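Shared between the two complexes below is chain A, which has chain B as its partner in the first and chain C in the second.
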Partner chain A sequence: MKTQHALNTFVEETGGWVASQLEACTRCGICAEACHFYEATGNPEFAPVWKVELLRRTYEQRFTAGGKLKLALGIDRRITDDDITHWSKIVYEACTMCNKCAMVCPMGIQLGPIIHGVRTAMSNAGAVPEDLMAAVNKQVQEGSPLGATQAVWEQRIEWIADEWEVELPKDQKGAETLVVFTSIEIMKFPDNIAAIARILHKAGEKWTISSKGREVVNFGFYEGSTERTVLFMKRLFDAAQELGVKRIMVTECGHAYDALRWTAANMMDVPAGLEIVHIAGMLGEYVRSGRIKLKRGAFDDGVITFHDACKIQRRGSHIKEPREVLNILAPNSFKEMSPNKEQSICCGGGGGVIAIKEADPIRYAVFGLKMKQLQDIGATTVTMTCSNCRLQFTDSVQHFGLDVKVRGLSQMVAEALE
Partner chain B sequence: MASFNLTPVERGIMRCRHAGTFTPEEVQTLAVFLRDYRGKLLIDLTGSPVEECAKHIKHLRPMMPVAAIFGANLPPGVLDIDKSYYAHDVQSFDTEEEALTWLRNQ
Partner chain C sequence: MNWKDTLEFARGPFFQVALIVFVGGMAYRLMRVLLLGWSRDRVPSKGSKLGGVVIAYLKGIIIWPFVPWVKNTFSKKPVMYLAGGLFHLGLFVIIFFGTPHMLVWKSLLGLGWSTLPTPIVDWLAAVTLVALATLLINRLVDPVLKLITGPAEVLNWLFVFLPMLTGYTMTHHLLNPYEMIFSLHVLAVDILLIWIPFSRISHFIFYFFSKTIHGAQFGKRAVTP
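== the complex of A and B ==
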């Protein structure tokens, strides 16, 4: 039964674009070397080309003469429920959808979106890992996958405003920018919220948060469910329209930025003229335009490095801005890890992987690559613009007993405001 | 006097003693400590009124590392938190000995 739902999805998804991508693949395997899960574990099943194998097999068996013949002759076999269960682990636990594989593919195949399509099939087949699905269901029912229910959100926003002594404008019509935080920030990094508030006030931004569109994280996108991805984005678009803002500012979440900025338009009606921006880009913009001024050298101590988040830096191209900021904050201490920028490797916690307990051993193995990068340059502080990456770093640094501070870039900026 | 103080108990365990009313600066400092600290925490609430403890513990709870609390009869539900991958186990005990024993086994 599982199989039929998955197959139906594969068939629905196999339009001209997907077919051309699958046909273009020469099985060269170069994508494997770009995959941090393959590199960290050596498991050939983690090669991106293998992650899309079920989709490829369905395409061949359904749409190509060769595939039909192989099936008829018994050279190939039909996909089974066991295959679905097995591939579910591969695409959810050993893939962060970072899409670095697409960067190295000599044929230019966009493996990330295709793997996302495999997740969609798994979702329709009811083969999503339990932990991830529990978080999705919570977001459907409570508005947050991490327990930031309406009441909790209201209480914490009030607490942050009181204890960090910042103004957090709420539900203000006439604001130009709707700022949507992640529940990771709400629950775990409240000082990041205060920091961003200080920056926005200093920059003279007319902004508001919304009690209706209060969660930027999109676990439906991790799941691969179009229905739920749209549901969660609609909550934000509705809130933006109700408030009449010009833009939505995504704070520290990479997948949410991808979903809202690029994916939404392919899935649903997006309000016309509504701009989607990310705090990483805005920090650079504020500094360039002189809307905020930073104390030069405020963090010139030890070795500070920057972790490029897959969806914000590689996908979103906000590569220069954090570096411009860090070259002011720590002109002598800022040092790049290698590889970096668009070639950076993922932290291992993205794409919902960090939410799946069973994936912990692989997640830590992957972080081992990042750990080596940090150690190679003697990093004492690592900073980033994604809360999910930050959670992975915080957790993994503790797991490995590393003496490295993990910081949000917005917090560093707020502390250095003149 | 600071509203909280931190002293080592043994390797991997720190005692955080709540000793009075928090100022905003102290809440901010404590939040940073809770986030950056990599060991386990023995939270001693013997030095402050239960209302003050409950007010702040509720908000600081999501940021806490693995922690054992003793010294105050906290209202029911104050430590309840949505089970999520970011949350660590935090439990309340009647005595310091019970708290420490539990903490050592975590």
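== the complex of A and C ==
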């Protein structure tokens, strides 16, 4: 029964966009070399090409003469419940949908988005890992997967404003920018919220937060559920429309930006004229236009490096801005890891992986690659523009007992404001 | 039926049939994908999709396969990258710039072009054969490739390898009589042509879909594809 739901999803989502890319695959296996999960564990089942295996088989069996023939001859077999259970683990626990594989695929196949489609089928089949599903349900019911209920959120916001002595304008009509924080920041990195507030005030931004659209994180997008992805985004769009803002600013969150900026318009009606921006891009813009001024060399100490988040840099476009900022903050100490920018290696915690307890061993194994990158350049501080990456870094640095400081870029910018 | 008749059959009616299957099969596959429906991308672009597509092709065709340091992943599997790149280059040169093949094209299309000196083509043919052998060994030992290799993948290899092998044998007169090896070469090509629409060798068409999508997706985001 549940398998049928998955198959129906596969069939529904197989338009020319997906089919032409499945047809282009030569099964050369090069994508495996790009996958940090395969690299770190050596498990061939983590090869991106294998992650889309069920989709490919369904496509061939349903749409192609060859596939039907293979099925009739018994060379291929129908997809079973066991297959769904088996692949559920592979696509949720060993993939952050970072799309690095698309960078090395000789055909340029967009494996990240296609694997997202496989997750959608898994979600419709009810084959989502328990931990992740629990978090999704929590976001449906409480408005946040991390326990930032309305009451907790109000309390934390008030506390942050008090503790760091910053103004956090709430539900202000007439504001131009609706800033939506992640509950990771609310619950674990409150200093980031204070930092962003300082920067926005300094830049003279007319901004507000909203008690209705208070959670930018979108666990429905991790799950791959179209219905819940849309539900969570709609909360933000509704809040934005009610406040009459011109733009939504996503704070240090990667997949939310991917969902809102690069996916929403293809899934639902986005309010006309509403712009979606990311703090990583805005930092660069504020600096370029002189809206904020930073102390040159404020962090010139040790070796400081920048971690590119898959959804904000490679898939989000904000590759240049953080570097422009870092070249001011630490012109001598800033050093790139290798590979970097659009070729960077993902942290291993994205795509909801960090929310699945069972995935911890592979998540740490993947961080091993990142650790090696850090050690190769002797990094003493690593900074980033994604709270999910930062969560993975903070947790893993502790796990491995690494002597590296993990910081959000906004935080550093706020400290260097002139 | 002697070898002479076989050759006439392989170059004549059988080749015609193979061509029809090849062209018809590929047209069918192309139409099937095109007719599946394409949803419009409503996401506002930041960069130029067209620009991304152009860069994607430049990188894909000119830089990527032959300039080792462009991709970090190259360092992990140099043999596979080199073998893959050289095999495609060799195949392309032989099919389009080998004199006998150009003459086949001329008879089909009615126009010819200048070709490369035989020693160069011959040397590339040898390289291609070695590359193909390397790729097969790699496919049989690599854990990921073992997982994704079925009978179809082995047949793909075999049906590309046979025309190469018979062609090389023929030009070097390693087997006699000439009609026999020539027949085998043309038969192998016929079989390859018939096989292509049923296989993933058809990627030479779908490459242009996925590569365009790749370029457009990255161009849209103003990120280097």
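What we mean here is this: the second predicted complex is superposed on the first by the 418 of 418 C-alpha atoms of A that agree within 3 Å, B and C clash if a C-alpha of one lies under 4 Å from a C-alpha of the other, contacts with A are read in each partner's own complex, and residues count from 1 in each chain.
Definition applied: a residue touches a chain if its C-beta (ideal position, glycine included) is under 8 Å from a C-beta of that chain, and two chains touch if they have at least 3 such contacts.
A quick note: this is a predicted structure, and the numbers were derived from the prediction, not measured.
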Clash or fit, chain B versus chain C on superposed chain A: fit
Between chain B and chain C, more extensive residue contact with chain A: C
Partner chain(s) touched by A:Trp262 [first = chain B, second = chain C, both, neither]: second
First (chain B), second (chain C), both or neither touched by A:Gln4: neither
Which of chain B and chain C A:Ala34 touches, first, second, both or neither: second
First, second, both or neither for A:Asn327, with chain B first and chain C second: neither
Which of chain B and chain C A:Gln241 touches, first, second, both or neither: neither
Partner chain(s) touched by A:Trp17 [first = chain B, second = chain C, both, neither]: second
First, second, both or neither for A:Ile354, with chain B first and chain C second: first
CA minimum distance (chain B, chain C), superposed complexes, angstrom: 31
Residues of chain A contacting chain B in one complex and chain C in the other: none
Interfacial residue positions of chain C with respect to chain A in the complex: 29, 32-39, 41-44, 46-47, 56, 60, 64-65, 71-73, 76-77, 80, 84, 142-151, 153, 198, 200, 202-203, 206-207, 209-211, 213-215, 217-218, 220-225
Interfacial residue positions of chain A with respect to chain B in the complex: 131, 135, 138, 145-147, 149, 152, 155-156, 159, 162-165, 184, 187-191, 354-355, 357, 391, 394, 397-398, 401, 405-406
Residue numbers on chain A that touch chain C, as the complex places them: 14-17, 19-21, 23-30, 32-34, 38, 42, 44-45, 47, 49-50, 53, 63-64, 66, 75, 102-110, 261-266, 313-317, 319, 338-339, 341-343
Of chain B, residues touching chain A in the complex: 22, 24, 27-28, 31-32, 35-36, 38, 59, 62-63, 81-82, 84-87
